[in-house]
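Once you scroll down, you'll see the structures, which are given as structure tokens.
Okay, so subunit A shows up in both of these, paired with subunit B first and subunit C after.
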Partner chain A sequence: MFVRWIVLLVACCALPWSVRAATEIEISAPGEQSIPLALTQFLPDQGPQSARVAAEINEVLNADLDLSGLFRFVDPAAFLDDAGRISLLSNQVNFPQWRMLGAETLIKGSYSLTGEQLVVEARLFDIVNRRLLTGRRYVGEVKDVRRMAHAFADLVLKALTGEEGPFSSRIAYISNQTGHPELWLMDVDGKRPIRLTDHRSIVLNPDFSPRGKEILFTSYRANNPDLYRKEIYSGKEARLSYRPGLNVAGRMAPNEREIALTLSKDGNPEIYLVDISGRVLKRITDNWGIDSDPSWSPDGSRMAFVSNRQGNPHIFIADIFTGKAERLTTQGKYNATPAWNPKGDRIAFTRQEGGRFDIYTIKTDGTDERRLTFGPGNSEHPRWSPDSRFIVYSSDKSGNRAIYVMRADGTGARRLTTLESDSRHPAWSTRW
Partner chain B sequence: MKVMQMLKVSMVVLFLCGGLIGCSTTPPVTQMDDQAKVTQADMSQQAEAKGVDEGAVKSEAVPSHDAVAGLERIYFDFDQFTLSADARRILGENAKYLNANNGLQVVIEGHCDERGSDEYNLALGESRALAAKNYLVSLGIDAKRISVISYGEEKPLVSGSSEEAWAQNRRAEFKAVH
Partner chain C sequence: MSVVPLHSNNAFHQDPKFGRLLLLSLIVHVVVWAVFTGGWFGVSQRPKPPVYYVDLIHKPVLNPQAGRPEPRPASKPKPEPVKSAAVTPSAPKEPAKPVAKIPPKPPEVVVPKPTPKPEPKPAAKPVPKPAAEPDRRTEQKLQNALDEIRERQKHEAERDALKERLAKLSESVNAAATVPADVPVGMPDGQGNEVGVSALAFVQAFIQQNWVLSPYLLDQSRIANIEAKATLAYSASGKLVRFRINSPSGNQQFDDSLKRAITKSDQLPQGLPKDLELVVTFNLKDIAAARR
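Let's look at the complex of A and B:
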């Protein structure tokens, strides 16, 4: 801390201009630092006032930026007259007023409504250095308002940390609210859920293609657990692999040309590589036990998976080219659902301990294991956000299984889906 | 200690310097600086996901196979697909029934309790069904008469999250194929 101050002050003294130029704030873990942020209500510029538009922008920004763990919100009740003025230029903002409230960053904005047309102007200011950090004009319709706000939250994180937020991505999951387990898609805050399948059978294990345009899933529609792919935008669907027995846990490789898939065609669940038309390219595992649930390394050279070849289910890592597999987890008697993070350095998984499942992460070399959840109930099926900052998972801690999201250090958990039906098996898309 | 004090003093001096220089060198911000940083994003150009047209597709319910009175289900231990002595005894009885009813085609359904991952349980259910099939084949039943399907944890026999419920749900069932 002391050393950091000296470095900062020397830098301040010697190179005041370079300090102002350095926009990025080094943040390695969420919650490590918290920046005092004043988030003002967006104000009507041209056209009629809409309390709903302003409230939705505020709600989205508040939830996204709070989840990031990077900010401490300045109480809006303390805001002074600058909060009520559309002053979106850095020479119009009353910086001393905001400084007095303890804020270091400020979000201001306006909206203009013309019928259904909506233009939103959003700005992020650095109060300490009295300057604009980033701004964007969003043009669209009233129905796009939440997406606009999510997109600006992504931009705010980029301006302050150098890495864009994941708030414009989507989460796919399985819900039984129609009476059958079907595939659903929602925003990262759980809003705007839409149903993607109507199989009225059993739909399972969704996973996004790396570019996010397709979802792979398994369905019993044809009375066998077959692998399907679905284009998200067109709604087109195709059955990809339908060998007798299992065609489950399909995961598209980072190159989008291969799919890792668990098949039982040879009398025992094994992981294979198939091409995008379902033809077998290669067999990855070969032993007496169960091998399933593959998760690709971001460079596509390795794969984490579950195997009980040494007795209990454990996480292994296989080299795709040599087929050689090494055991990753050494603790516990039941480890499952590995998820390799997009950064490439950690794998999340679930472990059963004392009859309950909780979520852990571990470095890919098997060191630095961390437990993220501590009950009550079971927390299962972790998946990473595209920036590796967050983990989405399912938990039954409040009754029915529901989808939750938390920071990668286990803090900030919040529920995304309702408790009225059973929701599980989330998958997080890349940025849209 | 002395070093610390000196550092503290020099920090204060540096701080004052920094503050003064910082203030004195801040150029007036112009509107142009701001505008260069503001770009436009057209949200209406982004494609949206296509949901199901409610009520458009009418598909039939999943056909379920009929239970056969003479074929008893077998149970498994947690995370196991090995056949217990009891399971072998029941499979022996089931083999007798299949021998006596030569025209009967069966599907063995493998099931798990709700605990554990979907993907692993699908594989476990498959292994349970295959273990039962292989044992029946070893007792002389034609492999062509038996197919298998795993439902993982999707079709529990009884609902609930108790040891009793889980024990009943870890099972293989024998159904007639028509």
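Let's look at the complex of A and C:
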């Protein structure tokens, strides 16, 4: 009993000491905000060497990961001998060598060519903790090499952020390369453009179906702005809505059973819901003003649109079920082309100020408005990437109108299409 | 057979007075020890250090004196030994000084700008009146022109205010950066008597330097609230003896970045005055504040 008392006393006396021993400090920002990444050249494993394959993988990974804004690339000129070895297992990599170069993450890989068949092995390592973060083996043809690299870039983002990147998706846009504004499709880095329509008329305002298998667009092929629907893989096309007047800005609902579009069949442009065969289900807006450019919320319960019902064009949000609309933007005199992001928390739109259009984003409750584009030219038609981390838009800041992509905070803008033709109205697909 | 406890024969129990005296003595000793060392009442938590300037060159100490951690500025008289000092060095120096004094002038240059601004106003005012009756379009155009002018004036005023703030900030930064030659090595808030930088600030700066995290990794709405705590124990030689993430943030990427930072900080570039156990709170308050 007595011994217990002594132990208790000593423990009580020692307790404040142990508490005092650990001093508290606070670190309220990281020392560096971009992850140092060493991206090595992919090496030939079996079969012939192909400088083009290695260069294309490297180019795609470099562009995608740079756009993400997450990384700072370690200068390849500083690489040591481990960069020249195919080491795809963590126990084969010389981590101290990479750590010495200041890298925290490392991408290594190899490829094997057999005729036209290509096998690519890609790995992402955590240098500090000496472990493999993620890796994949891609089997395909040589022409698929860019797709493989985009897929691995998505995987790198998933391993480091918990959310897959958008680099395997596609961007649809309108280009007049052939002399007429036609519908085109390209990779997110602007490569591999293919033409989808040959209407030899005016095609405009494309939008992907939520699953990315179809595209809605408006065409003047029949001398009226009619709404068309096109299957991307089969190429099948159907005229969906061809009422007198406007049949524009068709947007498929998240459930893929309804389409919101602007019709002016009764004189004044209003937003309607039609089914996938084009039959009118419901009229969403009923106002003397012009109502246009619908954009669905991710849950399909609300819709952002443009209306001049209170004077100048502003963004409004309507409840699909009650039809009740509330004004979202209060600043500026001309706000248009709203695009609700897939995460559901922000809406991108265009504002005209001083005779120039720029891109803004705003929270869905009308707060935290941010201007994303500055400088010369007009920036218009913003659309979100499927992960809400990037925005694609069109701009004429370098002469001809071209498609650009930037991060959701307005940084890292880069041009995707050439300036030789006029490109506009981009739309970003879901992940393929 | 009866079992007799062994301690029944113990002398303590045979003489209760002795036991009580021993207990009393022990209590007195413990109380005296606790009072003198301050351990009994506990030590008030050290307040969060405001700003630390650490160059990782000076020796980390427990009780730094008041002073600055930056290296002493190099002495100026270097240009003197140059042979042609009378010709060349004096020439660039003279223009250099007026250049430094130029900044006050730009505001003077900016001043004329407001003068043209009032001009359009009187011009704009008389016009609408005659135009109002015959033509509403002209009035509308004038109104738009006026709006544009006001908008431009607003932007210019904002820009001027920003320029002023920037000038003030750069002045204060420059003032802080110029360290007189006779300032002792220490910490701005130092109250001790040791020459060197605070050991805590030294460790804090080193870990922060090794912490790499891109805000793009995180859900932007969580940046203001995300936080994790880790306990780190360093030996006097500067080696990380052990660490533990006490309360993870719940975000895998954030917690992974902390582990990497701690792993990279496994050996401090200099030794410490004694063994050190730290509870480090990692958060992104500075980034969140900068975005507001």
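The criterion applied here is as follows: the second predicted complex is superposed on the first by the 400 of 432 C-alpha atoms of A that agree within 3 Å, B and C clash if a C-alpha of one lies under 4 Å from a C-alpha of the other, contacts with A are read in each partner's own complex, and residues count from 1 in each chain.
Rule of thumb we're sticking to: contacts are C-beta pairs under 8 Å (C-beta built on N, C-alpha and C of every residue); 3 or more make two chains touch, one makes a residue touch a chain.
Not measured: the values here are computed from a predicted model.
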Touched partner set for A:126, first subunit B, second subunit C, both or neither: second
Partner chain(s) touched by A:345 [first = subunit B, second = subunit C, both, neither]: second
Touched partner set for A:432, first subunit B, second subunit C, both or neither: first
Which superposed partner A:36 touches (first subunit B, second subunit C, both, neither): second
Which superposed partner A:389 touches (first subunit B, second subunit C, both, neither): second
Winner by number of subunit A residues touched, once subunit B and subunit C are compared: B
First, second, both or neither for A:256, with subunit B first and subunit C second: neither
First, second, both or neither for A:234, with subunit B first and subunit C second: first
Contacts of A:195 with subunit B and subunit C, given as first, second, both or neither: first
Touched partner set for A:59, first subunit B, second subunit C, both or neither: neither
Common interface residues of subunit A - those touching subunit B in one complex and subunit C in the other: 2, 5-6, 9-10, 13, 16-17, 19-20, 129
Subunit C residues touching subunit A - in the complex, by the definition given at the top: 12, 19, 23, 26-27, 30, 33-34, 37, 39-43, 45-46, 48-49, 148, 151, 200, 203-204, 207-218, 221, 231, 252-253, 256-257, 259-261, 263-264, 276-287
Parts of subunit A lying in touch with subunit B, wherever the complex brings them together: 2, 5-6, 9-10, 12-13, 16-17, 19-20, 88-91, 121, 123, 129-141, 144, 147-148, 151, 170, 181, 185, 194-202, 204-205, 218, 220-221, 223-225, 232-235, 244-246, 248-249, 262, 264, 267-269, 290-293, 306, 308, 312-313, 334, 336-337, 350, 352, 357, 378, 380-381, 424-425, 432
Residue ranges of subunit B touching subunit A (in the complex, touch as defined): 7, 11, 14-15, 17-18, 21-22, 25-26, 28-31, 33-34, 37-44, 46-52, 56-57, 59-63, 79, 115-120, 122-124, 126-127, 130, 147-152, 154
Interface residues, subunit A side, partner subunit C - complex: 2, 5-6, 9-10, 13-14, 16-17, 19-36, 68-71, 104, 126, 128-129, 160-162, 345, 354, 389, 407
